[in-house]
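Some structures are shown below for you to check.
Next, two complexes with subunit A in common: one pairs it with subunit B, the other with subunit C.
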Partner chain A sequence: MGIETPRKPGLLFVARFLAALIVFYVVSALGPVNDHVVVPFTELVVSASAFLLRSVHQPIDVVGTVIRSPHFALDVRNGCNGVEAMMVLAAAMLAFPATLRSRLAGLLAGSAAIQILNLVRVGSLVWLGEHHREFFDFVHVGVWQSIVILAAVSMFVFWSWKFAEKPLAARS
Partner chain B sequence: MRKNLSRLVLKGVVGFLIGLAVWGGLSVPYTRLLASLSETVVRLDERPPVTSITPQGTLMMVDRSDFPPSPSSVRLGVESTDITFNFILLTTLFAASSRALSDRNVFGFAGAALALVFVHVAAVVSFVKAYYALSFGPWSTLHYGFVGRHFWGVAPYFYSVVGVYGFAIALWWLFRPAPQSPPKQPVHARRTRRASQRVRA
Partner chain C sequence: MRSSVASLVVVTCCTGTSFAAVTIAGRFRMQRMQSFLVAAGLAAFLCGASPALGATAPTLVELKQFAILGSSTVTSAGIATIPNGDVGVSPGTSITGSFVLSPGFAQRTPLTGDAALLISAQNDASNASTNLLAQGPGTTILAQLGGTTRTPGVYSFTSTADIANNNTFTLDAGGDPNAVWIFLVGSAITANTGSNVVFLNGVGNPCNVFWRVVSDATLLGLNFPGTVIAGAGGAGSVTVGNGANLSGRAVSLTAAVTTSGTGQTIGGCSAAPGGGCPLITVNPATLPNGTIGTAYSQTITASGGAAPYTFAVSSGTLPPGLTLSAGGLLSGTPTTIGTFSFTITATDLIDCPGSRDYTIVIAAAGPAGGGPAGGPTLDSFGLAILLVLLAVAGVFAVNRFTS
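The block that comes next holds the complex of A and B.
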C-alpha cells in the first residue's frame, strides 16, 4: 500500500496546496489575528502543557507563552504551537477533492490529534531542557518538528483514503 | 490491512532515522555548499558583487564588502539546520512506500532531494534579502521599493513557519511514483469478448 492516496491530481493539487498555505500564513500573520487568536491559543497550549507536566510532578511556572521549570524556560511561538501543522493539514484537505462535510470532519479530528501530540512535544521539550539540555536543540529541530508534521501528513493520507473519495465513488 | 500498515509504519520509522542521521551527519558540509550556492545567487543581482556568505559550522554569516565593518554593527547569521531539517520529512515520506527501494521511488527521491537544494538556496536568499530590505534604514528604502520590502519581509517567515514543511510535502507529491492502476486487458482479449457477445446476440 504505502503512503499513496487513491488518485494523484499532481500539479493542480500542489498549486492549490501551496496557495492555501500562503493564504493561511498571511491571515495568521495579520496583527489582529496574531494578537487576538494565535497568541491566546498559544497561551492555552502552554497552560495545558504545564498542567501535563505538573501531573508528573514537575515544578512548572507559566507566564504568557513562556513555560518555566527551575533551570529552563521555553517561549512557545509560532511554529511550536501546533498551528503550523493544522495549517498544513487544512491546506492539504482543501486542495484535495472532497465534500465540505468530510473536510470539516477531517480537519476537526486531525487538529485535535495534532494538539494532543503537540502537548506531548512541549512537555517533553521542557523536560529535556531541564534534565538533558545538550540534546534539546537536536530534538527540538530535527525530531519533534518532523514528527508533528508527519502526523499531519499521515492524517491527511488516511482521510483521503477513507473519506475524501467516498462521495466521488458514489457519484460514478 | 493491519499488517500492511505495520510495515508502512516500520518503513517510515527506518526512513525517519536514516533521514535524521544523514541530516545530522552532513549538516556542516551541506552548510558550506549552501553558503556557496546562496552567495552565487545573491551576487547575480549585484554590480559589483559585494555579498559574502561565510559558513561557520551550521551558521552562515552574511557580510557586505561595501559596508565597512564596525565593532557595533550587527551581522546576520542564518542557521542552516532551521532551513534544511525538512530533508528528514522528505526521506520519511519516500521511505513509507510500498516499494521503497524500487527504481522509480529511489529516482523520485533523488529528484525531490535535488529540487529541495534549490528550495534551501531560495530560503537562504530570502533571509539575506529580508536583512538588506529591512535593516539598513534609508539605504534599504532607497534600494527596495514598497512591494520589495514587504515581499522580502514576509518570505523568510513564511518559509520558517509553514513553507519549510509545505515545500517538502509538495516535492514528495510531485516526485513520488504514481499509485499503480490494475493492468489493462490486452486489445485482442477485449475484441474476442466483444465478438463473442455479438455471436450470442
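The block that comes next holds the complex of A and C.
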C-alpha cells in the first residue's frame, strides 16, 4: 500500500477501520476459518497457558479448551483467545495511512504483544480461580480488560506516532 | 551416646488399635534397654486390658428363621407382634396366647409336622451357645450396663447382668455396620423397666448382637437388640415384658419363652423359611451431578426389606471427597473432576441385600460454582471502549500528520 493524502483523513480512517473490522469478523466467523484456524489457535493458546502454569509448578490438566486445576477450570473459548483484540488493533493499523512495511511491523509486534499479554492473563486467571476465587471476577472483568485495552491503545498510539509518522511527514 | 534417646515402641493390639509408648532413656545402653522393656511391658499390659476382643457371629442355620424358640412352652399373655420370624417350641408342644405373625411365617410345634425342623433349630441354638462360649471370656465387665458404652467384642459377666430402670446401655459400632457384640452372662440378665439399649449414632445391626445367658433373661425395657439364648447352663427362661421391643430373637434351651403384659415386638432378624430374601429396592434411581468445591448431599433410601437398612459402596468408587454413611447419607465436597460410577448396596436387618448402580459427574467449578469459567479477553463493553479509543486515537493521529 502506498501513502495517501485524503481530504478528510479522519473520516476516511474511521471508515477504513470499520470496514476492516467487518471484514475480519466476517472472515473469522466463516466455518472453515473457525474450524481450521481459530479453534486450533485457541487450543494453542490453551497449551501455551498450561505450559506457562506448569512452569511455575501449578498442577494443570488440559481437556480440549478447558484448563483444569485441582479445584478450578477455565474454558478458553473463542472470545478468550485474544483474537478479537488482535483484530481490532490490526484493523486500526491497516486503516491508518502508513507504508506496507510499517503496517506489517505493527501488525506483527502488536499481535505478539496482545498474545503474550493474553497468555499471562489466562494463566493468572487460572491461578486466581484455584487459589483466590473471590478475586476472579474483579480481576477478570475489571483489571485484565483495562490492561488489554490500555495496552492495545498504547501500542497503536506508539506505532502511529513513531513509525507511521515519517512517511506521512515526508509526503506532506 | 550422651544425649537423651527417645524410644518409640508401637504395639498393635489384637483389637486393631495401637498403643504407643514413648520413653526417654538415659545416657547408657543398659538404661535404654531397661526403658525399652518397661515401655514394651506397659504397652502389652494396656493391650491386655483393651476393652474388647474380636467377636464373630455364630452360624444359626435353622434357628435363623425363628423369632421365638422355646423349650417347654411359649406363652403370650397379651398380644405380641412378631415382625419377622417363626414362633416355635420343642420338645414342648404348647404355644398359647396371641402372636401376630408376618406373612410366610408360622407357629411351629412338634405337633404341626415341624418336629425335625424344631429339633434342628434347638440343636443349632445349642451349638450357637457353645460357639459363643468358646469365643469368651473376652473382657470381664461389671454387672451394671446402664450408663455404659461398649465397643464391638466379647464381654463376660461373672454372675448377673443388669440394666437399671430408665438407664441406657449404648453399643458403639465405631461406624462399622457389621460390628458384632457377644455378651456372656454368668447367671441371669435383667433389663429393667424403661431401660434402653441403643446403637451410637444409629450404626449397628441388632442381628449381630448375641446374649448367652446361663439362666433367665428378663427383658422389661423399651428396646433390647440381639439374639438372647437363655438356659445355657441349666434351667433358664426368657420373659419379655409389657410393650418391650426385642429386635432379634428369644430362645430358651431348657425352659419357656413368655411375654408378660402385652404389646411386645419380638423378631426382625429372621430370614424367611427357605432363606429367601424379599426384593429390596434402593432409591433414588439416579443421583444429581456435582460440582467441585460445592457441598453435595443426597439421601439414599431402601424399601422392600426389614428396616433398618445399612448402606455401603459395594463396587466402584465414590467421587473423592464424598462419603456414604451407613445410614445412607451420601455427602461431602467433591475434590476431583471426573465421572464416577459405583454401586450402592443396602442390607436390611436380616442381611438381605439390594443394590443400584449410580454415575455421578463432578464438573469443574467456575467462579460462581457452576461449570468451567469462561474468560473472554474483552467483553462487549470492553470491546466497544477499545474501538472508540482506537478510532479517536487514529483520527487525532491522522489529523495531526495531515494538518
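Going forward, the second predicted complex is superposed on the first by the 162 of 172 C-alpha atoms of A that agree within 3 Å, B and C clash if a C-alpha of one lies under 4 Å from a C-alpha of the other, contacts with A are read in each partner's own complex, and residues count from 1 in each chain.
Methods note: a residue touches a chain if its C-beta (ideal position, glycine included) is under 8 Å from a C-beta of that chain, and two chains touch if they have at least 3 such contacts.
None of the values given here were measured: they were computed from a predicted structure.
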item: Which superposed partner A:143 touches (first subunit B, second subunit C, both, neither); value: first
item: Chain touching more of subunit A, residue-wise (subunit B, subunit C); value: C
item: Which of subunit B and subunit C A:35 touches, first, second, both or neither; value: neither
item: Partner chain in contact with A:17 - subunit B first, subunit C second, else both or neither; value: both
item: Partner chain in contact with A:153 - subunit B first, subunit C second, else both or neither; value: both
item: Subunit B versus subunit C as contact partner of A:81, first or second or both or neither; value: second
item: Contacts on subunit A seen with subunit B and repeated with subunit C across the two complexes; value: 5-6, 10, 13-14, 17, 21, 79, 84-85, 88, 92, 141, 145, 149, 153
item: Touching residues on subunit A, where the partner in the complex is subunit C; value: 5-6, 9-10, 12-14, 17, 21, 66, 68, 70-77, 79-82, 84-85, 88-89, 92, 95-97, 118, 121-122, 125, 129, 133, 136-137, 140-141, 144-145, 148-149, 152-153, 156-157, 160-161, 164-165, 168-169, 172
item: In the complex, subunit B residues that touch subunit A; value: 4-5, 8, 12, 16, 19-20, 23-24, 81-82, 85-86, 88-89, 92-93, 96-100, 154, 157-158, 160-163, 165-167, 169-170, 173-174, 176, 178-179
item: Residues of subunit A that touch subunit B when the two form their complex; value: 1-8, 10-11, 13-14, 17-18, 21-22, 24-26, 29, 78-79, 84-85, 87-88, 91-92, 138, 141-143, 145-146, 149-150, 153
item: Residue numbers on subunit C that touch subunit A, as the complex places them; value: 292-293, 335-337, 364-367, 371-379, 382-383, 385-387, 389-391, 393-395, 397-399, 401-402
